[in-house]
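Chain nomenclature is as follows: A, B, C and D, assigned in order of appearance, with residue numbering initiated at 1 for each chain independently.
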Amino acid sequence: MTARNMITATQWWQTALVRIQPGEIALRGYPIEQLIGEISFPQAIWLLLRGELPTPAQAKLLEAALVAAVDHGPQAPSIAAARMAATCGVGLNNAVATGVNLLGDVHGGAGQQAMSMLRDLRDSDLPLPKAIEEYRRWHRFLPGFGHRFHPRDPRRDPLLRLVAEAVEEGVVSGEYLVIALEVEHAIAPVPMNIDGATAVIYAELGFPPELARGLFVLSRSVGILAHAWEEQQSGARIKGPIPRPLLADYTGPALRDLHDGRKPQP
Amino acid sequence: MTARNMITATQWWQTALVRIQPGEIALRGYPIEQLIGEISFPQAIWLLLRGELPTPAQAKLLEAALVAAVDHGPQAPSIAAARMAATCGVGLNNAVATGVNLLGDVHGGAGQQAMSMLRDLRDSDLPLPKAIEEYRRWHRFLPGFGHRFHPRDPRRDPLLRLVAEAVEEGVVSGEYLVIALEVEHAIAPVPMNIDGATAVIYAELGFPPELARGLFVLSRSVGILAHAWEEQQSGARIKGPIPRPLLADYTGPALRDLHDGRKPQP
Amino acid sequence: MTARNMITATQWWQTALVRIQPGEIALRGYPIEQLIGEISFPQAIWLLLRGELPTPAQAKLLEAALVAAVDHGPQAPSIAAARMAATCGVGLNNAVATGVNLLGDVHGGAGQQAMSMLRDLRDSDLPLPKAIEEYRRWHRFLPGFGHRFHPRDPRRDPLLRLVAEAVEEGVVSGEYLVIALEVEHAIAPVPMNIDGATAVIYAELGFPPELARGLFVLSRSVGILAHAWEEQQSGARIKGPIPRPLLADYTGPALRDLHDGRKPQP
Amino acid sequence: MTARNMITATQWWQTALVRIQPGEIALRGYPIEQLIGEISFPQAIWLLLRGELPTPAQAKLLEAALVAAVDHGPQAPSIAAARMAATCGVGLNNAVATGVNLLGDVHGGAGQQAMSMLRDLRDSDLPLPKAIEEYRRWHRFLPGFGHRFHPRDPRRDPLLRLVAEAVEEGVVSGEYLVIALEVEHAIAPVPMNIDGATAVIYAELGFPPELARGLFVLSRSVGILAHAWEEQQSGARIKGPIPRPLLADYTGPALRDLHDGRKPQP
């Protein structure tokens, strides 16, 4: 490759997140050496995403939400895909990326959708019970409630208890907690699930709905990594999701011959 | 790992695409040994996606569209990201996957959006010129027309010429070609681009709009692979997109001290 | 975002693949408008990867290899992961990228490893049967031979027949075919599989081993796309690889209490 | 899609990480409701990866390492690729996955390589200075030392200070710190960088080298997410890494004509 002559700089990315000079790294203005050993990992997450440090009480609430969603086993497609990747001879980061790539609107978007619903209900002109009724008329599913697998999501109670405590201590207002509990009451006996409970937390803490997905990604990445690592250590090779002779129901055409005449597109 | 006892099968995936038995592979019913050396790569693509083989004329039109979109150089984010990945010590497949992952709604979706527009215009009750006028009232950009870089996309003319020939030979109806040319006339002097021209082809050939994105992925994967390979062969290491001292405009807060008091979230 | 002042250009990527000027796109020097409708998709692939156009006979052999490997059903992790992604609300390109990301050393690397083996055997000073014996002493598995599922891979015969014809026509030398058949003879009754057969083709055509993986990616992307599309069309949501209550054997610790004393790391 | 008859269960994945029953989620045996609000995010990470909870002192050291590596700006390919993805209309999780996919051997592997080096030096029969000399004879670069951009990595001092404190408090043995400092002394004036300092921490805490990469992934995912989010919020569309007219140095063949005779492969 030939030598390059760099004449001037072209600034293309603009960022307020990090300032880097030779010998210096500052996150949102704070020199990194002031932060290492001084702030927690959730505080660092909040700082980068929001621009300022959270109070310790805010950070603890965020931390509880992050801890709650770290893993749900190989029934989750993100976990299963990462385990499969780990048997395919790709790097650990590639296995994690594979799992994270699956946290899309359907698998990873419920928290975001739940936050949007809470916000819509909060902004509605109607009294809350009527707003909920109206919402149910237009939406088949209420995101953040019920669960395919758990009659009652074991993560709901501890998370909502923490929110209630935070309301008592004046850390958050509780306006979203109230709304979510009212929804839960209206659709009883279907309880809130992990997405609904973390949506309440993220909304109370002032995060925009889209970041609910991002925070779920950071949380679930832990379980994705752990599962990929476990599968890699087991030494399995080329594991599809299920033993091969058992895999697919074939619903296609019967065997046919290419030279019996190719039928053009109807 | 302990032994596994498999008692019965669970059919979970249902597919009409491929039937696999020990010693047998059939694609849409055709034994693979009948297809190898007998059908072209575009014919195989059509067969898997559509269920039947195309006529040779149909296959040639598809092939032209696939060839046309294979590459557009490192200015395309998909190409650049794949080149960067290739310098980061990941496998060639991971570099390709990185590039393909970027062919989203904005970067890879124009063909799909152009097809949807052609379909909307075809299905409109209004006469075509009025339908186009109406469409322009509601949409800021017309997908498939104009280009950031090319005053006139060099791929437009050869592609549309092939469609015109196919119309003359009765291979396709030409209804979408007519609509697209009418749009081009209405917004002159902005010409059709690669996405518009391939949208015409895919629409004439009966593909649904969403598959325009899929076909663009298959086409652009060729350039993505070639660029990743070229960068890998060059021996470069950890190349960001641009020389480091030149990269980012910093727009964040001035340096500040952690212990001057942490300001809580406003 | 503030305006940018671009003072000069910084050339960072160097490429011989494509030259782009306003109104012009040239692949390896050929204006794109000369290629559209004139060369086949496999010829375009060869041109970008190798720098020159192949002869029609060379292109046909490449095409046969590409067609042969397009799909192997949901038992392949790449296919299964893409199907799962398609149920998770990500774009079609993201589902394809997910599948391609799994074509790593183990799942997608056999062709490359087979080519390397053929090359090592060709370059050995020992007579071929002894070189094969020596190779078997150092390597547990011979890549390109045998198959988890097929007693005899149905893709072997048609592919090797095409190579033999190409040898007769003087298109390729046949040196790798001879070596591969000798290996197959030495380890009988284990036959060559798709990776071995395509490795012979790619080696005869002069591709480096690493590009065997890249070509397999281009080929398998077709099946990955088709399966992702089929699953998306089926309307399934959040499909893990297997019904949830059936998924994982739990081999971890019995239930325990956090407050019975946290045991530090041994 | 037809109904499925599930006759029995097939256990395919085996995991010790999480046990899930209806209404129950246990991580390494601990019911999730005991962990939420009770353990920190780094403690949860350690629990899933290692099987037991760390002591608070161990958790703090891990936390410092995670905080230290969260971001290094758009000069890092992982950050730049994620920013590009965010302009391409893909979901936030897809942008993060894109960035994480680039944390391969070269970009993300230095911590793992540094840990392996520390382990090799520890296990060597030679006295440490001679072992280092021997290592330098066989390896061109010492992973974990020096930095492209920083004459002195500002993350080194605070991290090593924390390790020294942990040694004094008997939390870790200090054997890897000693080795790393001896290496730094031997190659002075090249100081340890972030990868070397975190390698010391992870080694002291008993993590295997491969997990250094995984932990770097969890840490850097925070910056990747924040940058993708920032770019998404800026409203930019299809941003390649650099303004288009400035991008590539073309080093390929001069313009040529397809019909001047196609030259076969030499």
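Here, contacts are C-beta pairs under 8 Å (C-beta built on N, C-alpha and C of every residue); 3 or more make two chains touch, one makes a residue touch a chain.
Model, not experiment: these values are computed from the prediction.
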Label-sorted list of chains bordering both subunit A and subunit B is C, D
Does the subunit A and subunit C pair touch with the same residues on each side or with different residues, judged by whether over half of the numbers are shared?
-> same
Considering subunit B as a copy of subunit C, what rotation angle in degrees (nearest 5) results from a C-alpha superposition of the former onto the latter?
-> 180
If you average the CA atoms of subunit B and of subunit C, how far apart do the two points sit, in angstrom?
-> 20
Would you kindly tell me how far, in whole Å, the mean C-alpha position of subunit D lies from that of subunit B?
-> 32
Chain centres from averaged Cα atoms put subunit C and subunit D apart, in whole Å, by 27
Which residues belonging to subunit D are in contact with no fewer than two other chains?
-> 1-2, 4, 6, 9-20, 31, 35, 39, 73-75, 80, 90-91, 93-94, 97-98, 101-105, 108, 149, 234, 239, 241-243, 245-249, 251
The subunit D residues in contact with subunit A across the complex are 2, 10, 12-20, 22-25, 27, 31-33, 35-37, 39-42, 44-45, 48-49, 60, 63-64, 66-68, 70-75, 80, 83, 91-94, 96-98, 100-105, 108, 149-155, 157-159, 161-162, 210-211, 213-214, 217-218, 221-223, 225-232, 234, 239, 241-243, 246, 249, 251
Footprint of subunit C on subunit A - complex, ascending | 1-2, 4, 6-12, 14, 73-78, 80-81, 84-85, 87-90, 94, 97-98, 101-109, 148-149, 237-242, 244-245, 247-248
Mind listing the subunit B positions that touch subunit A in their complex?
-> 1, 6, 9-20, 26, 28-31, 34-35, 38-39, 50-55, 58, 90-91, 93-94, 101, 205-206, 234-236, 241-243, 245-259, 262-266
